[in-house]
Amino acid sequence: MMVIMHESATAEQVAHVVARVEEVGASAHVSTGERVTVIGVIGDREELTALPLEAMPGVERVVAILKPYKLVSREFQAADTVVDVRGVKIGGGHFAIIAGPCSVETAAQVMESARAVKAAGGLLLRGGAFKPRTSPYAFQGLGEEGLKMLAEARDETGLPIVTEIMDPRDLDVVCRYADVVQIGARNMQNFLLLAEVGQLDKPVLLKRGLSATIEEWLMAAEYVVKGGNRDVILCERGIRTFETATRNTLDLGAVAVAKLTSHLPVVVDPSHAVGKWDLVAPMAKASVAAGADGLLIEVHSNPEEALCDGEQSLKPKAFKQLMDEMRPIAQAVGRDI
Amino acid sequence: MMVIMHESATAEQVAHVVARVEEVGASAHVSTGERVTVIGVIGDREELTALPLEAMPGVERVVAILKPYKLVSREFQAADTVVDVRGVKIGGGHFAIIAGPCSVETAAQVMESARAVKAAGGLLLRGGAFKPRTSPYAFQGLGEEGLKMLAEARDETGLPIVTEIMDPRDLDVVCRYADVVQIGARNMQNFLLLAEVGQLDKPVLLKRGLSATIEEWLMAAEYVVKGGNRDVILCERGIRTFETATRNTLDLGAVAVAKLTSHLPVVVDPSHAVGKWDLVAPMAKASVAAGADGLLIEVHSNPEEALCDGEQSLKPKAFKQLMDEMRPIAQAVGRDI
Amino acid sequence: MMVIMHESATAEQVAHVVARVEEVGASAHVSTGERVTVIGVIGDREELTALPLEAMPGVERVVAILKPYKLVSREFQAADTVVDVRGVKIGGGHFAIIAGPCSVETAAQVMESARAVKAAGGLLLRGGAFKPRTSPYAFQGLGEEGLKMLAEARDETGLPIVTEIMDPRDLDVVCRYADVVQIGARNMQNFLLLAEVGQLDKPVLLKRGLSATIEEWLMAAEYVVKGGNRDVILCERGIRTFETATRNTLDLGAVAVAKLTSHLPVVVDPSHAVGKWDLVAPMAKASVAAGADGLLIEVHSNPEEALCDGEQSLKPKAFKQLMDEMRPIAQAVGRDI
Amino acid sequence: MMVIMHESATAEQVAHVVARVEEVGASAHVSTGERVTVIGVIGDREELTALPLEAMPGVERVVAILKPYKLVSREFQAADTVVDVRGVKIGGGHFAIIAGPCSVETAAQVMESARAVKAAGGLLLRGGAFKPRTSPYAFQGLGEEGLKMLAEARDETGLPIVTEIMDPRDLDVVCRYADVVQIGARNMQNFLLLAEVGQLDKPVLLKRGLSATIEEWLMAAEYVVKGGNRDVILCERGIRTFETATRNTLDLGAVAVAKLTSHLPVVVDPSHAVGKWDLVAPMAKASVAAGADGLLIEVHSNPEEALCDGEQSLKPKAFKQLMDEMRPIAQAVGRDI
């Protein structure tokens, strides 16, 4: 890292920083410019992270040179990670559509939606049994009962299940049913939950937080991989900005950046990003063209009966049409839907 | 609420919305304008929340008329809530300085910081034993060992303890030591944790999320109060914006809005908001003038040895000076430091 | 519009609002709910805009029902506007690539870049002679000399010219050379300039402001169309958010929203949005798939000699490859490159 | 500056950057770390600004060491600039209240508002004759007729006039009446206008743009000072964020940062920042406590007749009360109201 000193920093202050750096076994190289002194620091990442350089007298700011994540970076692993979910592959050219209702509401609703997903060519079934809701007065999900409904739909259709976990105490019950464990946007920095799913031998779908930088998102993935679980699927789902015409602002630049800097597969959830069903199709197509490895799409057999996010769900027919329209785009960017 | 129909909505679509509204026992009043039809809906909040009006054909958007929170609103309770922490009062004109190190590191550091806080007139001691850290390679806190150090400092100084909880599984151990349980910004929408602390008979300090709207912050408080715990202290700590010169953007407008719309006490954490010790004093003074009921300030006996956020910590001497400078401002706005 | 009264509003306050509304010839319909009164107001848009309803005693907030723009809306004109630039069509299924250097630097640079654009299939030539620069110490553009270089390149290649105007006093000189007049992001709310280009009989390319909502962007277009100039091309170029990994955050949801709510053609500038040449190609493809009517791409014959934005410019070879890769995507969404 | 190379950068790429740097007369110092090479560059600011280092092969990113502004920095001038407006001083401990209506509407309204400002202790009169309005259908200001009304109010009350300029073609007429020329938020990066007011011998009040960083704001001031006009007053007026409960988010951290890094006086406009009259008073007090050198407050003799921003204007009585409440706070931070 580089320690940039204030213009007014004294020689003693520079010497003090150098001494503290050397105390932790790192080396310091001082460059004295006409107006500003810069100290280049080389040493162990963890030791240096713990050193409060910015609190030292005379320090203006500290600039990191190396990326703060390691295991999830392209430098660490050049080849794309391919996640295998009961035979369905995601990443490395394999494209997967994950679709289904926002929340599990009834056995019939899940089964009908699963059939529609299967019929249109979807490869995984999504559905929430534990739901994070802004309002304590809103429907909070069916819990294990909902997970059983998902499992029944899997039994019939063969589609593996992607479902959210919110509470570390639910790990056992969720893992009994889920094929992919989803960490929602609001839990992207629930570091204890990240550490727990890092112990699993099931893939983790990690949604980007509403206001998380790409770097923080990759750091959250680093928590999981550091725990031993290498099967992380990143999911861009829109960030919070000043724009209110869409529910969130879909950040496809983040997909391109994540694909360049990390080997992990990246999928996109256009439904939550835009929040209106009639904007989902153009954003789904754009995601494919931007190089995503898959999509998470809300499909509901009857959106206007939905207890959650009905306004952003596609009906089976619209979903089928979208699947057909995406195929040539996927082909054009070397993906196979 | 108001359902605003598309300009192209048909009479059938209007009738369908009315029918669905009436099905859940609510009433609908149709206003037909020259170009647009608006349907006023009056009925039970919870029933209506579950009705996916925006997913219905012909609906352009839905506008809420009533605020989505109830128990925390001024309409529900006009008088200020006064939270009592072992005799220290916050709210209703009572102003409290909560100060101490970001993270508990050593017994000596906590004790020295606590003495400095006490000597300068601080009323509560803050310190983190469980730390949410963006990097898995950063110091994660001392856990129960740290809580014990805080308790020792309380034994000597008499200052009650404010400390963060991150994991519902730690509730027992944290409650064994803490006088106020803090919910951090990254957990503001950890709804399970909110529900758990809603069961406690200890005050909860609820930090605003990095990208949480004021309404979402109040909804998070509603989760706690709905659980039965009325002693919630709101804490503004800066929001994430495009500006990078400060760590976050301190939103004092949120303090003014929260004081107008809610009866709960509101404190401000200027240290996390700006992230640089030399900006803390002006922001602390501004917070007092804006009408806050207290401050959360990082004080460290030796910031450049800090394992966390040393760059934003005040030394005891600077903290003492700030306390002195704030007194006349507090007096000017009817608060007593 | 809807005037939502405070819960505590008195009957006199309601009556006062109604009286003021009726004074300007509009009509008011009062709905009294259990807790809140709402006043529906129907009348002339301009009269009502001038009425400070939110300043009246007892008013909580005012909700607009109708969109604030008219001439640029789909409701006003259902069919896509097709802009014709010397025979090159944009909109209504016609897709146009506008490419060239960020700033005009030398005659050779412009000519070489123009040839590369032409050879790869670009339809219009872009290049800035008047440059808005954050720093007064940065290169500010060649002025009329630069416009002449663009005209020479047009003479040889036949590509019409898109170039920026910043100062109303430059209208004559810019119009002498330009085929499309560009309003930059920083001038999107330079209302005098908008009024001036509203008088032209040349197409206007209107970039979205860094922090402009979609609605404000369409309002800016309304200024131009209201002046009499119907040939407005909207251009999404990224918005400012907290994310720093890309120069701006490309908001493709805005393209989808603008296409739904307005009849004007929408193009995308991926180069300014992401700010790094290796992210331009995926964002260009995503823009095509999202339904854009064209692209504005920075192409420079020798980016590392560029005086402006070299890091985001494509070399001729990379541009050619991108053009080839975009064709099947364009075809898949009914556009012809 | 520091050029940080990619991990994969070759020795040739490093040598190429060094060669290009030396070509423009600057010097380069190469530091080769275990994984990354960093090139320190020292030389002339303007020459280096024009060098597209980020476009060169192998370059990961470029980090600036020096601030990009010079004339407005504390390093260039340690002592506070004190702006003198017809004897009213702003900066260096002198605090000034600038108040008046958002827009000039009638002679009586201006005169009454001016009298109220004067009576309460305000030192300058604000009022807009040329108004930037989002909608082409909104009131656009009275132009020179409005300026005359302001001048009449000055004649009677002795309050100098602060008024906005939007169009460089209006410079003569505005300067005929104005004592301080205001550049609005939407024109903060209207670089031609900045250059023009840099030629004046009248003070300039420069509002921060809605989404301008503090650095960009200071760069805009640098444009003016570079032109020869040293009398620039910076004005924080809220930035655009995701929060919608207030019109903008008042960024008082920006005031503290600007006071630390620049010698220019900084005033705050709480009225535009929050957009609701009942939030103006707490934000005004907070601004004083944060160290501002003055305030810009909307005062209207009859807000509900206002043609612009009536909802955020104080009535004379509320303004008088606010003035009284601010005095002890100003005193506490060493300012004299």
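Labels A, B, C and D are assigned to the chains in the order they are written; within every chain, residues are numbered from 1.
Just so it is clear, a residue touches a chain if its C-beta (ideal position, glycine included) is under 8 Å from a C-beta of that chain, and two chains touch if they have at least 3 such contacts.
Computed from a prediction, not measured in an experiment: that's the story for all the values here.
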Output for shared partners of chain A and chain C reads B, D
Per mean C-alpha coordinates, the chain lying farthest from chain D is A
Just how far, in Å, is the C-alpha centre of chain D from the one of chain C? 26
Distance between the CA centroids of chain A and chain D (whole Å) is 38
What are the residue numbers in chain C that touch two or more other chains? 211, 240-242, 244
For the complex, give me every residue of chain C touching chain A. 211, 213-215, 238-239, 241-246, 249-257, 259-260, 273-274, 278-279, 282-283, 285-291, 325, 328-329, 331-333
Quick check: in the complex, which residue numbers of chain B touch chain C? 2, 4, 7, 29, 31, 33-36, 38, 40, 42, 63, 65-66, 75, 240-242, 244
Please output the residues of chain C touching chain D within their complex, sorted ascending. 20, 45-46, 49-50, 52, 54-57, 68, 132-140, 166-169, 186-187, 189-192, 210-211, 216, 219, 222-223, 226, 240, 277, 303-311, 313
